[in-house]
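Heads up, the next two complexes both have subunit A, just with different partners, subunit B and then subunit C.
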Partner chain A sequence: MLAEIGLGALLLAFGAAVSALLAAFGAGLRNREDWLRSARNAALLTFPLLLCSVSALLLALLNGHYQISYVWSVTDPATPFFYRFTALWGSQQGSLLFWSLLLSLYCFGAILLNWREHRRLMPGMIAVTMATLAFFLALSLLLENPFERFWLAADGAVLRSAFIPAGAREPDIARLAATASGLNPLLRHFGMIIHPPMLYLGFTGFVIPFAFALAALASGDLSATWIRATRRWTLLAWMFLGLGLLLGGRWAYDVLGWGGYWGWDPVENAALLPWLTGTAFLHSVLIQEKRGMLRLWNMLLVIFAFSAVLFGTFATRSGLIESVHSFARSDIGFPLFAFWSAMTLIALGLTLWRQRQGLLRDERAFAGLPGRESLFVLNNVVFAALFIAIFWGSFGAPLISEVLLDAPITLGVDYFMQVTPPLFAVLFLLMGLAPLAAWGNSSLRRLGMGLCAPLLLTLPPLALLALAGMRTAEALLAYGLVLLAGMVALVEIIRGARARVRARGEAWPQALRALFSRNRGRYGGYVVHLGVTVIGIGVIGSTLFQAETQRTLARGESLRLQNYELRFDDFSEALANDGRLLRVAAVTLSRDGREIALLRPRIDVFPQQPMTIAGIHSSAENDVYVLLTGHDETGARATFRLTINPLINFVWWGGLLLLAGTLIAAWPQQPRIASQRQDSPLQEVQA
Partner chain B sequence: MKTVLLALVLVSLTLPALAQPASDDDVNAVAARLYCPVCENVPLDDCETAACRQWKSEIRYQLDAGQAPGAIIDDFVARFGQRVVGTPTDPTLRALALVTPWALALGAFLSGALLLRRWARQRRAASLPDAHDPQIDYRARVEADLRARR
Partner chain C sequence: MTEATWEKTALAAQRFRGRQRSARRLHFLLAGLLILVASAWLILSGTASGARYFITVDELVGNPQWSGRTVRVSGAVLGPSITWDPDTLTIAFTMAAIPAQFDDLAAALHDSVNDPSVTRLDVVVPDQAKPDLLQHEAQAILTGRLGADGVFTASELLLKCPSRFEEAVPDPAIAGHADL
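Up next is the complex of A and B:
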């Protein structure tokens, strides 16, 4: 029954999306208000219908309806409740349906929140979002149906179909349960409950800015309206995507057993590309808002951000790339490629058309090189260069060399560590300089004056690092740039609060609160900069100063790395409730001769594959990461890999700061200010 | 003399056997620069599949036999192709891989520089007074009237 309900709701949602698309398109062409209302209602309906469909699949997963082939392929009777929930996005069909649900949620929110204020853009916005939703729902219905069931044909053959084939009957449920596959071991991690939803929320969220941009292009209303409608949605999608990337890094760190969090894998990079484009847009959109410049560039950034989302989806789900993060090879590759190409070409064609009409011309001229807008342009150029370098390394070079030169190549960490660090260094430098420059006319003198305090604050920690033994020029330069960027943000916050304290006599906490509530975008942005600084500290420490050793030890033997010593104490085997065999080593970790932790690195042996789960001793200074990589039959000798990851926890803490900053920036302004803004046209009329 | 030469040859043949066996760290240092074609995009030192373990055993064997790390990598490339290394060793492919992004990035920087230059020109052009602009005559007259009123 659950399969019928889920499939029925999915079919209805597809119908609603198509009718909303047609009605919105017609409303835009004929300027019909009644059709637009009809489009709105149909578009709003897709969300509850998809919620119903996803709920049906979730209930089937939780209750073990193994006749549904998706449930059979991602769970088994031993799967714990927690992982039955995460199994919803554990494989292609479920995750595609979940993707569509999130897409419809965004459409639902965007229509409700923007209906009154941006009515003129609504036909285009609804048409684009519903075209995207209808496409993904069609994939679910035709190629990756999560409600397909197993049937037994009259000749005993097992069939898979959404509807009962003629002459077929239901198979024995107990037998299906006994043969069920269970969830991919890589996905059995706490992070899996939050990492994919965050990543999908980030990916799907970029559809709203893209839809508003296309609506503006189609309607010809290329004033600042679409930018106002778009910015907060972009910020939301950017925040979720950033969180998804960080949580993905944490999952890789805990589960993949290689001691790192970012492997420059093409799938990781596919998720990073729209985030980079979104970051560039969030900066350059300020120039359009404040100065009326970069109108064409902003349009292109929004288009490329969503295009990168679609390309990443294609790369991850088509089988184009083989990776621990990607889905199995699938038939949806070609339709996804066609949809990505079509959407990108349509958007670029519309942009070119409006550009030729002069509707994307800048309103104001450039004021001078040290001005903030020119630094933002440089920032965008660096983001574009990073995008190119990462895209080239992940997809461009491997595809071109294989297709044109018949020489398959892999561009791994070596390539990315040669190409990206200089670009990130320039980005941090600009992150430090841009907040100090004024809009329009600025001067190098002003920039230099502004830099004095942050530079003075940057020097002591740098000197401490040098005294602590960090003497390499690249490390000092990297930390110098990162710390400078953070200090500039910190000084700007303090400067703003101090001005309030002096001018209004407010206490510091009150001044800070008022500062953040009056200009959320600016000061939320500074907190984001602080978060990126903290992440940068962690990335540099864990990349440049990581130390590693591996040895095979007999019980009682030790291995040393820096001032740490690891002693192999014991080895045992146990069977877990979900059927996996646990091979656990007990080790003692000492530092400078003093025991500091008892760790239990282990190997989880699943029927499909073994997984290496690290024992980690975590502190602010570093993580000591111990892997059991092998052992003999009796467990008398075992091989351990010991890795010291300095400052790695700064990466996660920085992520929290980044989240806080984005929430501050995206949070709606105080009602008092909002009501003033609403009243202003009326006041103008009265005046 | 022949005896001395024979002794030298025998000593050089036995040297690898007498040498210290390769440690796990030595093996991982070489493996970190290789990618197994079965588990795409995972460096060999981080991969624990059967195929990767076999490759690591082969690296250990070659290190124990006295092969230099570079020679071992060249041997793997010769047998399995350029995809087993993180950056191609073939000069053409290496240039394609490493030079192209910098060339494209340079293009992006030049585009940015051209944009800034165009803006600067527009600004200069905007700041020059246009002798035929009726607005200028009008403004001059308004300013003259204002001065006269004062």
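Up next is the complex of A and C:
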């Protein structure tokens, strides 16, 4: 019954999406208000219908309806409740349906929140979002149906079909349960309940800015309207995508057992590309808002952000790219490629058309360096260079060489570690300089004066890092740039609050609260900069100063790395409730001769494959990451890999700051009272 | 006269501001150009030094031009051949060639390990803990060099994650219970 309900709701959602698309298209062409309302209602209906469909699948997963082939393939009777829930996105069909649900949720929210204010853009917006939704629902219905069931034909053959084939009957559920596959062990991690939804919320969220951009191009209303409608949605999508990337890194760190969190894997990179484009847009859109410039560039960034999402989806879900994160080779590759190409070409064609009409012309020319808008543009150039470098390394070189050369080439970690650090260094430099420059004509003197306090504040933590042993030239340079960018943000926040304290006599907490509530975008942005700085500190430490050793030890023997010593104490085996065999080593970790932790690195042996789970001793200074990588039959000897990851926890803490800053920036601004002054506190004092 | 002097001064100041603006724009363009040129150089040099040719076992063994060069090669792991020395932390196994193009990876791996006529390659991976995924019929993707002794020494070992195992065998598993 659940399969019928889920499939029925899915079919109805597809119908609603198509009718909304047609009605919105017609409303745009004929300027018919009644058609537009009809399109709105149909588009709004897709969300509850898909919620119903996903709920049906979720209930089937939770209750073990193994006749549904998706349930059979991602769960078994031993799968715990928690992982039955995460199994919803554990494989292609379920995750594609979940993806469509999130897409419809964004459409639902965007229509309700923007209906009155941006009515003129609504036909185009609804048409684009519904075209995208209809496409993904068609994939679910025709190629990756999560509600297909197993049937037994009269001749004993097993059939898989959404509807009962003629002459077939239901298989025995108990037998199906006994043969069910169970969830991929790699997906059995608490992070999997939050990482994929965050990533998908990030990916699907970019459809709204894209839809508004296309609506603006189609309607010819290329004033600041579409930018106003777009910015907060971009911020939301950008935040979720950033969180998804960080959580994915944490999952890899905990589950994949290699001691790292970012492997420059093509699928990781595919998710990074729209995030980079979104970051560039969030900066350059400020120039359009404040100065009426970069109108064409902003349009292109929004288009490329969603285009990168579609390409990443194609690369991940088609089987084109071999990766630990990718789905199985699938028939949806070609349709996804065609859809990506079509959407990108249509968007670029519309942009070119409007550009030729002069509708995307800037209102004023650049004042040149070191004006803030020029620094922002340079920051965008670096983002674009990063985009090209990462795209080339992940997809461009392998795909082009496959066509042009006898032997295709691949570019691995070496390439990315050579190309990206200098670009990130320039990015941090610009991140430090831009907030200090004025809009329009600025001066080097102003920049120099502004840099004094941040530079002074940079020195103590830099000295601290140098004293901690991080003294190589490249580390000091990298840390200097990263810290400077963070200190500029910190000083700007302090400067703003101090201005209020002096001008209005407010207490510091009150001044800070008022500062953030009066200009959420700006000061939320500074908190984001602080978050990125903290992440940068973690990335540099754990990349440049990671230390590693491995050895086979007998019980009682030790291995040393830097001032840490690892002693192998014991080995045991146990059976977990879900059927896993746990092979656990007990080890003692000492530092400078003093015992600091007892760790239990282990190997979880699932019927399908073993999984290495690290024992981690975490502190602000570092993670000591211990892997049990092998053992003999009796457990008398075992092999351990000991890795020290300096400052790695800064990566996760920076992620929290990034989240906080984005929430501040995205939070709706309180309407100002007419009598309140409009200028910033700093300007108030300067005035 | 005074008016003419004033006009001249104003014109000069305007010209100066114009020159200053032009210089600032030029600096901006040069900075942008510098970033673009440096990025292009980084990408090209990174590609030149980081490129690894991805070839098949047959191409590696059959063509002497690849001998001694760092390449990437992919094949199917023969489970019984896997050995791992815990003292030297050295993995050794034999890998069977798989076709460059295939529709079903699982089937290609299965066919390769069960066909004694396909080319086989002995592989050594030094200083490497035994990975979880190093199993019979796993796809190994190795980066390394073929030595004169015909043994491929890998500096990097990637194993195709069988994460999609759930999709590989649903029907046969039930078909095995055809008496239902």
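Here is the rule we use: the second predicted complex is superposed on the first by the 667 of 687 C-alpha atoms of A that agree within 3 Å, B and C clash if a C-alpha of one lies under 4 Å from a C-alpha of the other, contacts with A are read in each partner's own complex, and residues count from 1 in each chain.
Methods note: contacts are C-beta pairs under 8 Å (C-beta built on N, C-alpha and C of every residue); 3 or more make two chains touch, one makes a residue touch a chain.
Note that the coordinates shown come from a computational prediction; the quantities given were computed from them, not determined experimentally.
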{"item": "When subunit B and subunit C are modelled together on subunit A, clash or fit", "value": "clash"}
{"item": "Touched partner set for A:637, first subunit B, second subunit C, both or neither", "value": "second"}
{"item": "Which superposed partner A:266 touches (first subunit B, second subunit C, both, neither)", "value": "first"}
{"item": "Which superposed partner A:655 touches (first subunit B, second subunit C, both, neither)", "value": "neither"}
{"item": "Subunit C versus subunit B, contacts on subunit A by residue", "value": "C"}
{"item": "Touched partner set for A:123, first subunit B, second subunit C, both or neither", "value": "neither"}
{"item": "Touched partner set for A:176, first subunit B, second subunit C, both or neither", "value": "second"}
{"item": "First, second, both or neither for A:646, with subunit B first and subunit C second", "value": "neither"}
{"item": "Partner chain in contact with A:202 - subunit B first, subunit C second, else both or neither", "value": "neither"}
{"item": "Contacts of A:64 with subunit B and subunit C, given as first, second, both or neither", "value": "neither"}
{"item": "Which superposed partner A:160 touches (first subunit B, second subunit C, both, neither)", "value": "second"}
{"item": "Superposition clash, subunit B against subunit C - the stretch among 6-14, 96-104 or 132-140 that is involved", "value": "96-104"}
{"item": "Interface residues of subunit A shared between complexes with subunit B and subunit C", "value": "257, 322, 324, 365-369, 374, 377-378, 381, 385, 388-389, 392-393, 397, 407-412, 414-415, 418-419, 423, 550-552, 610, 612, 629-630, 639, 641"}
{"item": "Residues of subunit C touching subunit A in the complex", "value": "21, 23-28, 31-32, 35-36, 38-39, 42-43, 45-47, 49-55, 59, 71-72, 84, 86-87, 89, 103-105, 127, 129-130, 132-133, 135, 141, 143, 156, 160-167, 169-171, 173-178, 180"}
{"item": "Sites on subunit B touched by subunit A in the complex", "value": "23-25, 28, 33, 35, 40-43, 46, 48, 81-88, 90, 92-93, 96-98, 100-102, 104-105, 108-109, 111-112, 115-116, 118-120, 122-123, 126"}
{"item": "Touching residues (chain side subunit A, partner subunit C) in the complex", "value": "69, 72-74, 91-92, 150, 152, 156-158, 160, 171-172, 175-176, 179, 181-184, 186-187, 257, 322, 324, 327-329, 365-369, 371, 374, 377-378, 381-382, 385, 388-389, 392-393, 397-398, 407-412, 414-416, 418-419, 422-423, 426, 441, 550-552, 603, 608-612, 627, 629-630, 632, 637, 639, 641"}
{"item": "In the complex with subunit B, residue positions of subunit A that touch it", "value": "256-259, 263, 265-266, 293, 321-324, 365-369, 374, 377-378, 380-381, 384-385, 388-389, 392-393, 396-397, 400-401, 405, 407-415, 418-419, 423, 548-552, 610, 612, 629-630, 639, 641"}
